[in-house]
Amino acid sequence: MFKRIKENGKEFGFGNSTIGKNQRIVNKDGSFNVSRRGLNIFQRFSFFHWMINSKWSVFLGIVVLGFLTSNAIFAFIYDVVLGVNHFHGIETHSPLKNYFELFFFSSQTYTTVGYGRINPATTISSFVAAIDALSGVLYFAIVTGLLYGRFSKPVPKIQFSKIGVVAPYKEGFAFMFRVANKLNHQLQNAEVRLIASEIVDENGRASRQFFELELERKEIVFFATSWTIVHPIDEKSPFFNMGEEEFNRNEPEFMLQLKVYDQSYSQDTFTNTSYRKEEIVWNAVFEKILISNENINYVDFAKFNDVNYIS
Amino acid sequence: MFKRIKENGKEFGFGNSTIGKNQRIVNKDGSFNVSRRGLNIFQRFSFFHWMINSKWSVFLGIVVLGFLTSNAIFAFIYDVVLGVNHFHGIETHSPLKNYFELFFFSSQTYTTVGYGRINPATTISSFVAAIDALSGVLYFAIVTGLLYGRFSKPVPKIQFSKIGVVAPYKEGFAFMFRVANKLNHQLQNAEVRLIASEIVDENGRASRQFFELELERKEIVFFATSWTIVHPIDEKSPFFNMGEEEFNRNEPEFMLQLKVYDQSYSQDTFTNTSYRKEEIVWNAVFEKILISNENINYVDFAKFNDVNYIS
Amino acid sequence: MFKRIKENGKEFGFGNSTIGKNQRIVNKDGSFNVSRRGLNIFQRFSFFHWMINSKWSVFLGIVVLGFLTSNAIFAFIYDVVLGVNHFHGIETHSPLKNYFELFFFSSQTYTTVGYGRINPATTISSFVAAIDALSGVLYFAIVTGLLYGRFSKPVPKIQFSKIGVVAPYKEGFAFMFRVANKLNHQLQNAEVRLIASEIVDENGRASRQFFELELERKEIVFFATSWTIVHPIDEKSPFFNMGEEEFNRNEPEFMLQLKVYDQSYSQDTFTNTSYRKEEIVWNAVFEKILISNENINYVDFAKFNDVNYIS
Amino acid sequence: MFKRIKENGKEFGFGNSTIGKNQRIVNKDGSFNVSRRGLNIFQRFSFFHWMINSKWSVFLGIVVLGFLTSNAIFAFIYDVVLGVNHFHGIETHSPLKNYFELFFFSSQTYTTVGYGRINPATTISSFVAAIDALSGVLYFAIVTGLLYGRFSKPVPKIQFSKIGVVAPYKEGFAFMFRVANKLNHQLQNAEVRLIASEIVDENGRASRQFFELELERKEIVFFATSWTIVHPIDEKSPFFNMGEEEFNRNEPEFMLQLKVYDQSYSQDTFTNTSYRKEEIVWNAVFEKILISNENINYVDFAKFNDVNYIS
């Protein structure tokens, strides 16, 4: 009757095991609520991924730390391994101040500023300074790439309604979720997929099952403002003839995937979210948010999560 | 009968409200004629998007302004917080000229030119200069990324005809729009979608409705020159048996989306436009623009918007 | 009967006009044999496209020319507008040598080398030098982006057979074309589309018509070596029951589009070519080129265009 | 009955020849086990592809080598072609030490450090130094692009099970392979295609044939953890009613392609692998690896390749 994705969740990308009753599968921000064991750090870790996705403070902290560490190491080589007499222009006489002079000489070399007051006077110090400069150029080449990766990473700025509603629809009811284009970006060809999961009693054994839900409309051509995603609770729906109490007992989760082409980045982008039973409001409709008059059309985001209850 | 996208525009990405009678939905340049309220600046604004899409004059102005501001701030630290005696090589004696000397010392540090006539003589000034240099390197790393983002952003250079026509087609009529490849770029697999919107009287209540229109041909393999997009006004069309007067009364809008793979950018690109009633010419056909003789095939863009009226 | 793309070529992306009898539509290298008139240079020209697609010699020539021109202009400002007395460290005395000193001072500033022997001694000269340095940094930021654009532009290195054949196929004949993966790149999900064009006599009027040809197989999952593209000449083909003489009289052209995901660039890539009547060999089969023995599988590209005639 | 891709492998992208009995077609790492002959080095080689895909040690080695070679050449021009008297600031007197001074002067110029102790004193030496600096800037622009290309190249970090199993499925059996998302990346819309190849006896002639196998499920929306790919051995399968012995005699190979959108790179990515008869375990099921309790869901990768035999 209804279109089951998979009994027991096996082929749903959540492995061949039962997922716990109270465990969220997809987090509110769209990430997967699953950890990994049995892999070492190199198998689990992707440097690029991490540097692209970490916070700006962390990213910049690492860049500055790498810079300072490199300067400290080269200053050690200049000062301790070689000695200040390998350099012209050092004007200090205390060991600590010498070290600082050479530390900042390294800074000037690494960033390729190269004022030249301090400069390498011997072949060996010139050689180490050349390595210092080459390291700096490559370091900032990597940083340039990572910065570009951070900026050019598509962030579609899609807003999902905090809650879903069970609203009247035609002769019956429908689950509805709302999604909006927060920026006035050109978002094209939006497609949505809605997966539901619930605990199903099968031959006396309770197991979590997954279903792809039929939608009134799966795609829109221009995603200009907001879009209400509608799953009609008809005889094809796994929630057909289910009351609120049974619904809550089944620990349902609605996982929503929105794919849209973002013209700012010339890329298809994906945004996910998920709704648990606590985030579904029964017998309510979303407040209208597109206001239109003679002079202007606008979306009122202040009312984006507002609903009107139906008595 | 005809294929309605949505009654009342709700699931068309324009929200759950009626759009005004005289409001354009999609602007001529393809952007959406909708604003946003109830979001703060950080929610509405995307730095990368803005720096990529702003005019060259604005972009370069901001880059120069950032450069000068940074120099001014570092010069303030050098001159006022530390003092000129922290530097070698300053040859001026008036406070203002000292400030300028240190301003341009900062310029030289920020761009990593580092002539070295002026150079930091103390640990603290060396430290600030190192920060100055690091800031400069990172600043220009960002600028490099943004410049690349601007250049590599696909701009398909598609030309849409300024007007559409209602032209004879088979035994009846068809809406026709013309689109051309302005550059001799390799454009592959062009796909077009045409959405119409009009005011429909439903049970005495006038509301704006949306329809996806059937096209004679939705895609072409090679988009070499120009393409006439044809919507036959047959019994499946929402405009079937509608006269010019009724048509104009219904405040129609035709929204056109062209998706095409641009080989210059190795990307799918989208270009939109829209036609209102004023931009539809009845009983006219487009002038021929592909001229072919023994020696050459060429497209005559001078005639691109020309039509011949049918008596 | 057969699947016509379009009578009169109108909706094929070649405009609403008849294309000449002897005019190639798609060139051998896949570009379109159509020029443009009635557009000014800014409408027709894309700087990024041109810098990405020009030859290396042209690209590097422009980069060097831009560098030298900039140096010459700044040297003029330094030397003629300001004068040598605005600079420290100039050791020459003849006007020409002074100009060269300042020309190379500009080179050192533009590339941010900044040796510092020559350095600006006044506020105004420091200011111009700061602009010089900023210009240089931005110039090379653009060059960096263009270089990356050139390198990262997908070049799928697909080889098409120089000729097509009319070869025996099942009980009849088929047009066959051969395409190969020249590098050992991972090419995935190759899709091919074959468009034919010929002069068709319709009610006494000869016009060029276009047809999309049915293929035995339109896509392959792994494009490891070579692929023979087969259009069976059955009753669905516009060439059914057509002899070699009639075929040649109709001035046919076969336009081939290959779309394939190139794993080196993580992009879909397109490669086109075209075959005219002179490039179709009748009654021939392609030589086998995949050689396999106990130790190795290899493709023998030396035989790639070889055919065996059938008596 | 079953869905044959191609008799004799001709249109499978492996050319029009029989592939050897004992030759692997797709390697375990997904690359193609085919070499190329009859092409010269320029036809076969792609610089960008190679620099992007080579090991880090090779890449960095080439970058350093290019840097040192360039310095050596410019030092030769400075020292031998021009002579040390064209430079200020050289403090050494032996020919070898002079060469090193100028070698490191070139390093300082190429990286744009430009300390300036050594600096060009004549027009001709200034000119060569300008070329040196320009070369350096362009060299590191290329290196920056290549570094970004290396980092931003999608590496989906998909893990395939080392072996496949023939496991009980419904009333019969199925081939099963396991694939997992090793990182907690957002992988969306995973699609899998499974191609089998085996030696088939056709009219007494043994030839290698290819089949695309039907799968229980071809795509999943969220690829969060692991996915078991299932080919039911029913009457539509080319392996229907085939025993282990006959299976092994036919030298089968299973080629698996996984396409998935990786949100870290905003790209579709492909990962391939292949299974030969030695890598197929009969009468076994995969160990469960998704563990779920009150507090956490996790994937136990230590058991990823474990199977339980069925007696």
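The first chain written gets the first letter, and so on, giving A, B, C and D; residue counts start at 1 in each chain.
Operating definition for what follows: a residue touches a chain if its C-beta (ideal position, glycine included) is under 8 Å from a C-beta of that chain, and two chains touch if they have at least 3 such contacts.
No experiment lies behind these values; they were computed from the predicted model shown.
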Chain located farthest away, centre of subunit B as origin (C-alpha): D
Copies subunit D and subunit C - interface residue numbers shared by over half, same or different: different
Pair in B-D, A-C or A-B that repeats A-D, with over half of contact pairs matching by residue number: A-B
Rotation angle superposing subunit B onto its copy subunit C by C-alpha atoms, nearest 5 degrees: 90
Inter-chain centre distance, subunit C versus subunit D - centres from mean C-alpha coordinates, in Å: 25
Subunit B-subunit D separation of Cα centroids, rounded to whole Å: 36
Interface hub residues of subunit A, defined as touching at least two other chains: 108, 112-116, 144, 148
Subunit A contact footprint on subunit C (complex, rising order): 112, 114-116, 144
Subunit C - residues contacting subunit B, complex: 5-6, 10-20, 22-23, 25-26, 30-39, 43-49, 52-53, 88, 108-109, 112-116, 119-121, 123, 126-127, 129-130, 133-134, 136-138, 141-142, 144-146, 148-149, 153-154, 193, 195, 212, 255, 257, 259, 265, 267-270, 272
Residue numbers on subunit B that touch subunit C, as the complex places them: 63-64, 67, 71, 91, 97, 100-101, 104, 107-108, 111-117, 140, 143-144, 147-148, 151-152, 155, 157, 181-186, 188-190, 216-217, 220-228, 230, 261, 263-264, 266, 286, 288-294, 296-304
